[in-house]
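Two complexes come next, and they have one chain in common, subunit A, joined by subunit B in the first and subunit C in the second.
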Partner chain A sequence: MTWKLFFLLVQAAGSTALISLAAIAIGVCVGVVVCAGALARNRLLNGLSRLYISFFRGVPLLVQLMLFYYLLPALGVEVSSLSAALLALSLCTAAYQAENLRGGFLAVPRSLIEAADMVGMTAAQRFRRIEAPIAVRLMLPSMMNEAIAILHASALISVVGVIEVTRMAQNLSSSTFRPLPIYAAAGLLYLIMTGVLAGAGLLAERRLRVRLS
Partner chain B sequence: MTFDPAIITAHLPALGMALLTTVWLWLVGLVASVILGLAIAVARLYGGLTISLTLGSFVQMIRGTPYLIQLFLLYFGGPAIGLTLEPFTAGILSLSVFGGCYMSEVFRTGLRAVPQGHIEAAECVGLTRLQTLRRIILPEMLVLVLPPATNIAVGLIKETAVLSIISVPELTAVVNEIGSETYAFVETLTALSLCYWGLVELCSRAGQAAERRLATFRFAA
Partner chain C sequence: MNRRGLLCAAVIGLFALSHTASADVLAEVKKAAVLKVGTETQFAPFDYIDSGEHVGFNVDLFAAVGKEMGVQIQWVALPWAGVLPGLEAAKFDIVAGPAIITKERLERYTFSVPIAEGTVALNKRASDTAIKKPEDIAGKAVGGGRGSNQLAQLKTFAATLTPPATVREYVGADEGMADLAAGRIVAYSASLPNAAAAAKARPDMFGLVLPAFGSKAYFGYVGRKDEASASLMQAVNDAIDKLKKDGRMAALQQKWFGTTFDMPAMAAASAI
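Let's look at the complex of A and B:
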């Protein structure tokens, strides 16, 4: 395991970080939409959102990757391996984030919502000032967990040939015949990235903490 | 786009075997995960500082890295230290360790959540430490941890798909093979998704049913 090899892995870790962050960001945005659907009174919207959540949480990410990578071209949509990977990661994490969001909004104390109505807030004001701030604080830990899960799940996109840490480690270990140190180094890089994400989550939690008394 | 169900029906026996392999991998991995998880959790809580720290960092390492990397490390890296494993063995072993570490965290929180009063009461009526653990702490904890443990069990089903990468002949690998032989990606991938979706739904429904059943034993914590 030379420094040169390690540097290649670190470079690839950059791609992993970038792809994961993009998937997390897109996932939260799509998750908000799906969550809104799942909380809606409209039967059709509600059913569709629940179906979405159930499907993307019920099928392994590896299979979802294959769905986007093989199925979209079969339907006549050309996708690069990177866009198939990003699509699968984002849509998958969106389902989990939608559940997290739903849990957060359902956990907002009923009394606070009634109090907001009592003082004459409109629905939009109530959402912006009462529901959203409380829900975000409540679901922050589970959202960070999901972000870490996506970082780890991004290792699977090596299968469709996107060059990130895992793929780079595969390539290097087959060219050097020394898989043990290379995969160990890749693991270490994931460990560091996980640590950074977890740390950011704790920092955000501390920043957002409010004294309720 | 065409959809020809004949491709699926023609390969039904192979698909059935592959599904059985996946379920078997999952069940063995799950049972091993639960046993390993319990062992780690109990050892970390009652085993002293050294054991607790060692196991704690091991669990953090497993939880901080992707399963695929762990699998590669074991399967491709193992021979370098004299550990040559069949894909199947490597798969079950890695699945058990991975699941066990996640289970141990759930069990540890569960063990801590057992009310201190119950443990004191057990001591008062003269139960030994082992009896208290077996008859009071473990049963109460199992009721508490059922929802998160079900989540991990469901996660393990999906994790078995990763084993196709080291060519364990489970569902994903077999279906992939059929797909690349027949070029019928639409049919095969649809069948594959439906199989996993069904398994996952079945498992989470079973978990919810068990929760409802056990809800009668729920105690005021």
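Let's look at the complex of A and C:
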């Protein structure tokens, strides 16, 4: 494998990284909203959130991609390859992140919430001082898991015509007939990208660590 | 070429229902002065990425066709699983696969006039001296691409041998050729131009087993089979016929395949 081919892979890995990071960021934001809905007492909000989660977790990402790319234009909405890919990745990962968030909030000990109520905190105070800090610490590992999973799943977006690292590796291996070194290089690039993500996750956990005096 | 992904096939049904047909595709193409062509870019020597550049027989041929029609060519590169759904959803108007023209496929799609011969040949490992002619695969494991015409022909051929060869199915040529290199099969069936390209790209690893066998088959470009697309396919055919007459087609075939082919004039006549 020449440097030129490796450079092409690195370039494609750049698209993988950018699209995945954008999807992770949008996914967490949408996930927060969906999680809020899923935890709400309002029946309608609750139902909508649960519907959202079951759709985006239930339909395979590959099919979601094709739905966004092919079905939306048929309904009169023009979408580019890139926006279809970003839309599907973000909305899909949002469903998983919403469940991760919900899991975090459900795991906040009941006794702490009762204690907060006892000392007269308002609901907002209780959320800011007790529930959110505890929940965030609890859900960080699983949210990082999902971030890494969506980075890997981004290999699927080539089906709507976005060139990312897996697709580039396929292109190069089918024209050079040397799949092994090319896929090995692509694997290495994924390893580096997930390494950076995992490192960021650890850093965040360390920053948020509770120090017992 | 192979048909990948049952999942995608299921989704095609949806698109077929929802696909909004325009009145006349050729008129729209002329108006925009752009012909959108869908392709896979993993089908050397027809269409592939060479050091980052999209090149191949298709690229040159469509450049000439575009010139004849007075339109720009805009390439839309998708994995094969997305190419036919994309055609049906009108993301582009013709597919530069190309695909072998078969009677079964003609029932669902329109094909251009033949552009190359695609009779089946085998790739083997260059180091394998036991296989000198196609019949030498008797009793051994061989492979072909799922859904491909080459696989169907290989199966027919394998069954006539004593003892018959075992045929394994692969998602695509990349996987099959990787298994050939790994020694799990002794030969992989591809169309003659593709098989020759593999042997040429990696002479240290792959060899070509001649002669080609099975029924003579031809490659054509794929279009939608609706009335709106008929005029476009006719215009593409007219352009290709012109290239055939003035020798440009033969020059392109010589450039990319190292040989020229005698081809039937019409898609229907070349279907197998």
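The criterion applied here is as follows: the second predicted complex is superposed on the first by the 210 of 213 C-alpha atoms of A that agree within 3 Å, B and C clash if a C-alpha of one lies under 4 Å from a C-alpha of the other, contacts with A are read in each partner's own complex, and residues count from 1 in each chain.
Keep this in mind: a residue touches a chain if its C-beta (ideal position, glycine included) is under 8 Å from a C-beta of that chain, and two chains touch if they have at least 3 such contacts.
In this text, all values refer to a predicted model and were calculated from it rather than measured experimentally.
J.: Sticking to the clash and touch definitions up top, decide whether subunit B and subunit C on subunit A clash or fit.
T.: Clash - subunit B and subunit C, as placed by superposing on subunit A, overlap.
J.: Between subunit B (first) and subunit C (second), which, if any, makes contact with A:176: first, second, both or neither?
T.: It touches subunit C, and subunit B stays clear.
J.: Name the contact category of A:63: first (subunit B only), second (subunit C only), both, or neither.
T.: both
J.: May I ask you to decide whether A:5 touches subunit B, subunit C, both, or neither, giving the answer as first, second, both or neither?
T.: second
J.: Touching A:87 in the superposition: subunit B (first), subunit C (second), both, neither?
T.: neither
J.: Counting only touches as set out at the top, which of subunit B and subunit C does A:167 meet: first, second, both, neither?
T.: second
J.: Which partner does A:143 reach: the first (subunit B), the second (subunit C), both, or neither?
T.: The answer is neither, since A:143 touches no partner chain.
J.: On the A-aligned overlay, A:116 touches which partner chain: subunit B = first, subunit C = second, or both, or neither?
T.: neither
J.: Could you look at A:74 and tell me whether it touches subunit B, subunit C, both or neither (first, second, both, neither)?
T.: A:74 contacts both subunit B and subunit C.
J.: Answer with first, second, both or neither: which of subunit B and subunit C does A:158 touch in the superposed model?
T.: both
J.: Of the listed stretches 27-35, 63-71 or 171-179, mark the one in subunit C with C-alpha atoms clashing against subunit B.
T.: 171-179
J.: Starting from the residues of subunit A touching subunit B, keep only those that also touch subunit C in the other complex, and list them.
T.: After superposing on chain A, subunit A residues 60, 62-63, 66-67, 70-71, 74-75, 158-159, 170, 173, 178-180 contact both subunit B and subunit C.
J.: Hey, which residues of subunit C end up touching subunit A in the complex?
T.: Subunit C reaches subunit A through residues 5, 7-8, 11, 14-15, 18-20, 41-44, 48-52, 76-79, 81-82, 85-86, 89-91, 173-174, 177-178, 198, 201-202, 205-206.
J.: Can you check the complex and tell me which residues of subunit B touch subunit A?
T.: It is residues 1, 61, 64-70, 72-73, 76-78, 80-81, 157-162, 164-165, 172, 176, 179, 185-186, 189, 192-193, 196-197, 200-201 of subunit B that touch subunit A.
J.: Per the contact definition, I'd like the list of subunit A residues that touch subunit C in the complex.
T.: So the residues of subunit A in touch with subunit C come to 2, 4-5, 8, 60, 62-63, 66-67, 69-71, 73-75, 158-161, 163, 167-168, 170-180.
J.: Within their complex, state which residues of subunit A touch subunit B.
T.: 54-55, 57-63, 66-67, 70-71, 74-76, 151-156, 158-159, 166, 169-170, 173, 178-180, 183-184, 186-187, 190-191, 194-195
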